[in-house]
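Below is one structure, written out as structure tokens; the observations come after it.
For clarity, chains are labelled A, B, C and D in written order, and residue numbers in each chain start from 1.
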Amino acid sequence: MDFASDNAAGASPLVLEALLAANHGAVPAYGSDPYSTRAKTMLNDVFEREVTAFFVTTGTAANALALGALCPPWGAIFGHHHAHIANDECGAPEMFTAGAKLVGIDGPTAKISPDAFRTTLKDFPVGTVRQVQPGALSLSQATECGTLYACDEIATLSDIAHGAGMPVHMDGARFANALVALGCTPAQMSWKAGVDVLSFGATKNGTFACEAVIFFDSEKAKNFAYQCKRGGHTLSKGRLLGAQMAAYLENDHWLDLARSANAHASDLAAGLKGIPGVRLAWDAPANQIFAILPRAADEALKRAGARYYDWGSRGHATSQALAPDEVFIRLVTSFATEAEAVRLFVSIVREAVA
Amino acid sequence: MDFASDNAAGASPLVLEALLAANHGAVPAYGSDPYSTRAKTMLNDVFEREVTAFFVTTGTAANALALGALCPPWGAIFGHHHAHIANDECGAPEMFTAGAKLVGIDGPTAKISPDAFRTTLKDFPVGTVRQVQPGALSLSQATECGTLYACDEIATLSDIAHGAGMPVHMDGARFANALVALGCTPAQMSWKAGVDVLSFGATKNGTFACEAVIFFDSEKAKNFAYQCKRGGHTLSKGRLLGAQMAAYLENDHWLDLARSANAHASDLAAGLKGIPGVRLAWDAPANQIFAILPRAADEALKRAGARYYDWGSRGHATSQALAPDEVFIRLVTSFATEAEAVRLFVSIVREAVA
Amino acid sequence: MDFASDNAAGASPLVLEALLAANHGAVPAYGSDPYSTRAKTMLNDVFEREVTAFFVTTGTAANALALGALCPPWGAIFGHHHAHIANDECGAPEMFTAGAKLVGIDGPTAKISPDAFRTTLKDFPVGTVRQVQPGALSLSQATECGTLYACDEIATLSDIAHGAGMPVHMDGARFANALVALGCTPAQMSWKAGVDVLSFGATKNGTFACEAVIFFDSEKAKNFAYQCKRGGHTLSKGRLLGAQMAAYLENDHWLDLARSANAHASDLAAGLKGIPGVRLAWDAPANQIFAILPRAADEALKRAGARYYDWGSRGHATSQALAPDEVFIRLVTSFATEAEAVRLFVSIVREAVA
Amino acid sequence: MDFASDNAAGASPLVLEALLAANHGAVPAYGSDPYSTRAKTMLNDVFEREVTAFFVTTGTAANALALGALCPPWGAIFGHHHAHIANDECGAPEMFTAGAKLVGIDGPTAKISPDAFRTTLKDFPVGTVRQVQPGALSLSQATECGTLYACDEIATLSDIAHGAGMPVHMDGARFANALVALGCTPAQMSWKAGVDVLSFGATKNGTFACEAVIFFDSEKAKNFAYQCKRGGHTLSKGRLLGAQMAAYLENDHWLDLARSANAHASDLAAGLKGIPGVRLAWDAPANQIFAILPRAADEALKRAGARYYDWGSRGHATSQALAPDEVFIRLVTSFATEAEAVRLFVSIVREAVA
């Protein structure tokens, strides 16, 4: 019953098999191997256009490198107060931009409100030398609260950003989970909605350590190879990344994995919703569930060895009034979640509450 | 016949097996997994003392992060003119130190000469505000020219550095190859000779992507976890690194791999040395061979599909007088080199020359 | 009638005279001149203890360099949302810290609330690798809203910061104005209240371009000379700074200048307060006045050539309900303000309202 | 007898007078004052074209900011091994470029040799990801050895740089001294010879603290105001800089000052050349003289209180064979040098040698 993180599992068996298969023989180093080349071609197909893609091992690297390619040191990166880039990357975006400023924007359940974005932008007039300048917008899809932007919501925010002269970055650590929940195409959820650079996450959804930074505007990628190398993010045995990504994409494996994770989350939500005294904090249609439980249920779960985060302590839950005997938790499912774990979890809560 | 780089192979089969075995079940993320813990304990044994170790995916990351932990932005990092940190990392040390200055020192075959080091140090007087201050010494073992520092040579350079108030970093991308060539212990070649922080390479010698940054002074490591995270170098599925390193160290697998690579290099050298018109540029006892061949041999090798670097073009060979019809090449062997490739290579040269 | 900024005037005549007097003859460069030495000795007297002082030309440099000496790249600098370091220095603190993160804290009229500080600190647990670590607290005295921290309020915030392992910086761009308003000693308002490093402003209060960075803990200053030089902030003809600062401090000239500026502000406030339809937004006891005027008065003032900032547009006034025909303005006085300008300003408002 | 540095004097009386005159009344802050505007217009005249100019207080700031505008973090800045940017700015160029690499080029008497430049460039192939990329060329005019590039020599180096896709920076800390020695126009010695950005020094030649960064390509200056502000280099009372620069340029005052400094140097050289046992190290036609004296003369000078640098210790004199009883010194004259000091210096040497 590990619902703490979609990083707790290893790699999907198909990805691992591909790694095994890719291990034989000598191939060119530093990303010029046939596995990486093939994975890049597959991404063109996935996004229905030519893209410029780079593979790195962590989501923090993908985000920070992408922002470093978009935003100058004297720029402001606009993102939600709760965004991963703001709170969970120990200043990596600041490092890779050589000191840009992250500006937090409000909005319910970790979604940037267009009005709040417009209002915040007024504090950063173009040409006012004493202030950092509009640098980039960064959206998380899915968000830290497991919520999703509809494609037209992405387009609205992108339009505001572009209107202010800024490119748009999407932190897609859970891109696949969002995609299958929305039922749209990768193109619709990214470049067709105005996204310029995408951190295309794969690690949480089945690879061992592989993310793609995908540029829809190749001009913005022109120095990216240097930025990666300089950041220590150019693997010598690049096939490690290329083979993972190719296997991840092959035969829509990535979508199958995400559907499985989402289905488990949906089952969890459905199971919990029906229990008296248990509430879901908000609608979260991908692979994260935010629930408010009686403390007795929390204690029973922990006795049974269940793992998950107490979300209240992260300050994300301020809009939720908790009774003194309630706890606010986050549950994350992944491709590796087992149906039995979901059933067990729900039944423990039900019994504890009864 | 791939002698271009020890990055051209994949992982050793034992390392890959370990990855497979480590893939099952949920374990804590971000390096708190049992595989990483075990690998760290094994490193204590290897170095005959408690060490503080961190695992990253690339040698550039290991070096740049290590130097970032040792040298302030206003510091000078002393290293050989030909060092990897100076020429092959696209400024990563500058990035991770927030702008330190790399100062090149002379010495034959990429080994820092103690006299040249002492002379250079005079140009960086402590307390002279207009100049960057002594920050760190970085040694490569083995060097870019495949040569080795004897343990007492390391100690001599470390003493000079420590006397100037500087810590000592060792770039051990080929630590294992150097170690088995010298026949000393890991402790003797590192902390007992004054090394404070070691980039302990494993990727070139059998892992897929895993290097350890090893601190012999834990005080210098106190902020290293933040520096790694901030650099995007903290893998969420940390077992990928821990499992590789544990398998690499287990039952002295790493030493076996290095001995195999070195033996192939030694066979290559022996084979070439006996051919008229072929010279070895200098004695290189680990897994890199530097040879001067008649152009006819070079052409025959290339026709046969052999891969290796033309070393003359890298400016490392200025002390070698080449005849117009000679080429200066580097040959690198690895754990994956096959004896047949060595034999074939030598025979092609012999025939071309004959 | 220039109330736009205390940067609009030149230097006080005594400061200028001192510059003239200091111009003759050859003296050592780079701050080793007798003028700088004398000014540093005078600062020891002013602060009733030995201090380590450096002179720079701008407040932004003083703040950014000071923070760069206190906070590592992976650190958080806590300050009020409205602080100058956060909004008016184009990312200088981020640059000089190599990428630290500025974290905004709430509190009325630009004063940090101790409770809000304590609450915010909970989001930055020591040792949590994914987050930047407590780095420094920065207080502005006087604040951006012209308000003041009492000495015991400074001590309370310093205690919280020190308890979290952080040093305390004070942005004293208007240190003198705050000091004479509070009627305490420089020591009481700084190190006796827990301040570790002070940006001791002088430019707004009578020098041409001179600020001191004053360390009360000389250990924290040990690399500061390098940090200044590296930032381009070490003047070759250092007497330019030393002579200004010595003249500024001599015979309490600086206190006289600040008393004059504050008295003009007080007269302005008193004059405006008595006019029907005019409100002062809050009590501001130093040299900045925040007033809400009928638009007619604003228009009459502008016709008469008066200069001042529309403060509403800076987002600092959100707690103030403005009627549609009201404007929210900031008025700043300086040592160079003339009593006649104050009288004229008040009379124009009075007439416009009548 | 102060020949240690052209930073030992204060400001020229005309510059100081202008400061006095500029002190009255309120003017806009942050460089929008009429003095700065006028000085910029005068620079257009000086350079016979429209230029984009910014004023800062130090040469280090001018150089580092200029290079920060030209060279990306993954770039190489090519300059002579002895250049001020490489040895005397404590890593400021590295800081303002966020970590670019300074690459030293050889050439006699601190002048870059075109052949050495071409050869060095071969080590930095465009597109080779493991290496920093050609970023900028920086020339010093006059050089650290007091030598000068003829205009066509500048053009030759600029052509090589431009051919490699790099802009050209000139460190003109002693631009005026070089200009009057060559007898050419400012335009000929800068943009007509291919210089893209010029650090136009004035501090060593008569201002108190004022340098201009002059862009001949305004596109490269588009973010420079942010870069200055962020570096703490935007003076609030900008008239301090504008007034100095305007006075410096007015009626060719700057050329008069430089002619005076150069004439003193020429007198020194002529006086010393005639003394048996005294040698000039090389021809240095501006305001720095490099001489080799018998130790007895050195001792007599020091007893008489003369100040100058022992140049041998800076490693610039390696090509000069010194006898054991000889010393290698640098003598710098300035606008403030007195003819009597020159005469006295020469006579002391003559007597000591006799």
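Convention: a residue touches a chain if its C-beta (ideal position, glycine included) is under 8 Å from a C-beta of that chain, and two chains touch if they have at least 3 such contacts.
Computed from a predicted structure; not experimentally measured.
When the C-beta pairs in contact are tallied for B-D and for C-D, the bigger tally goes to C-D. Set against the C-alpha centre of subunit B, every other chain centre is closer than that of C. Spacing of subunit A relative to subunit D, judged by their CA centroids, is 51 angstrom.
Separating the centre of subunit B from that of subunit D, both taken as means of CA atoms, is a distance of 41 Å. Look at where the CA atoms of subunit C average out and do the same for subunit D: the two points lie 35 Å apart. Of all residues in subunit D, those touching 2 or more other chains are 30, 73-74, 89-91, 95, 98-99, 129-130, 132, 226, 229-230, 234, listed in ascending order.
Here subunit D touches subunit A in the complex through residues 30, 72-74, 98-99, 129-130, 132-133, 223, 225-227, 229-230, 234, going by the rule given at the top. If you check the complex, the residues on subunit A that touch subunit B are 2, 5, 7-11, 13, 16, 19-20, 22-30, 56-62, 64-65, 89-92, 95-96, 203-204, 208-209, 226, 229-237, 239-240, 307, 336.
Listed in rising order, the residues of subunit B touching subunit D in the complex are 73-74, 87-91, 94-95, 97-102, 122-123, 129-132, 314-315.
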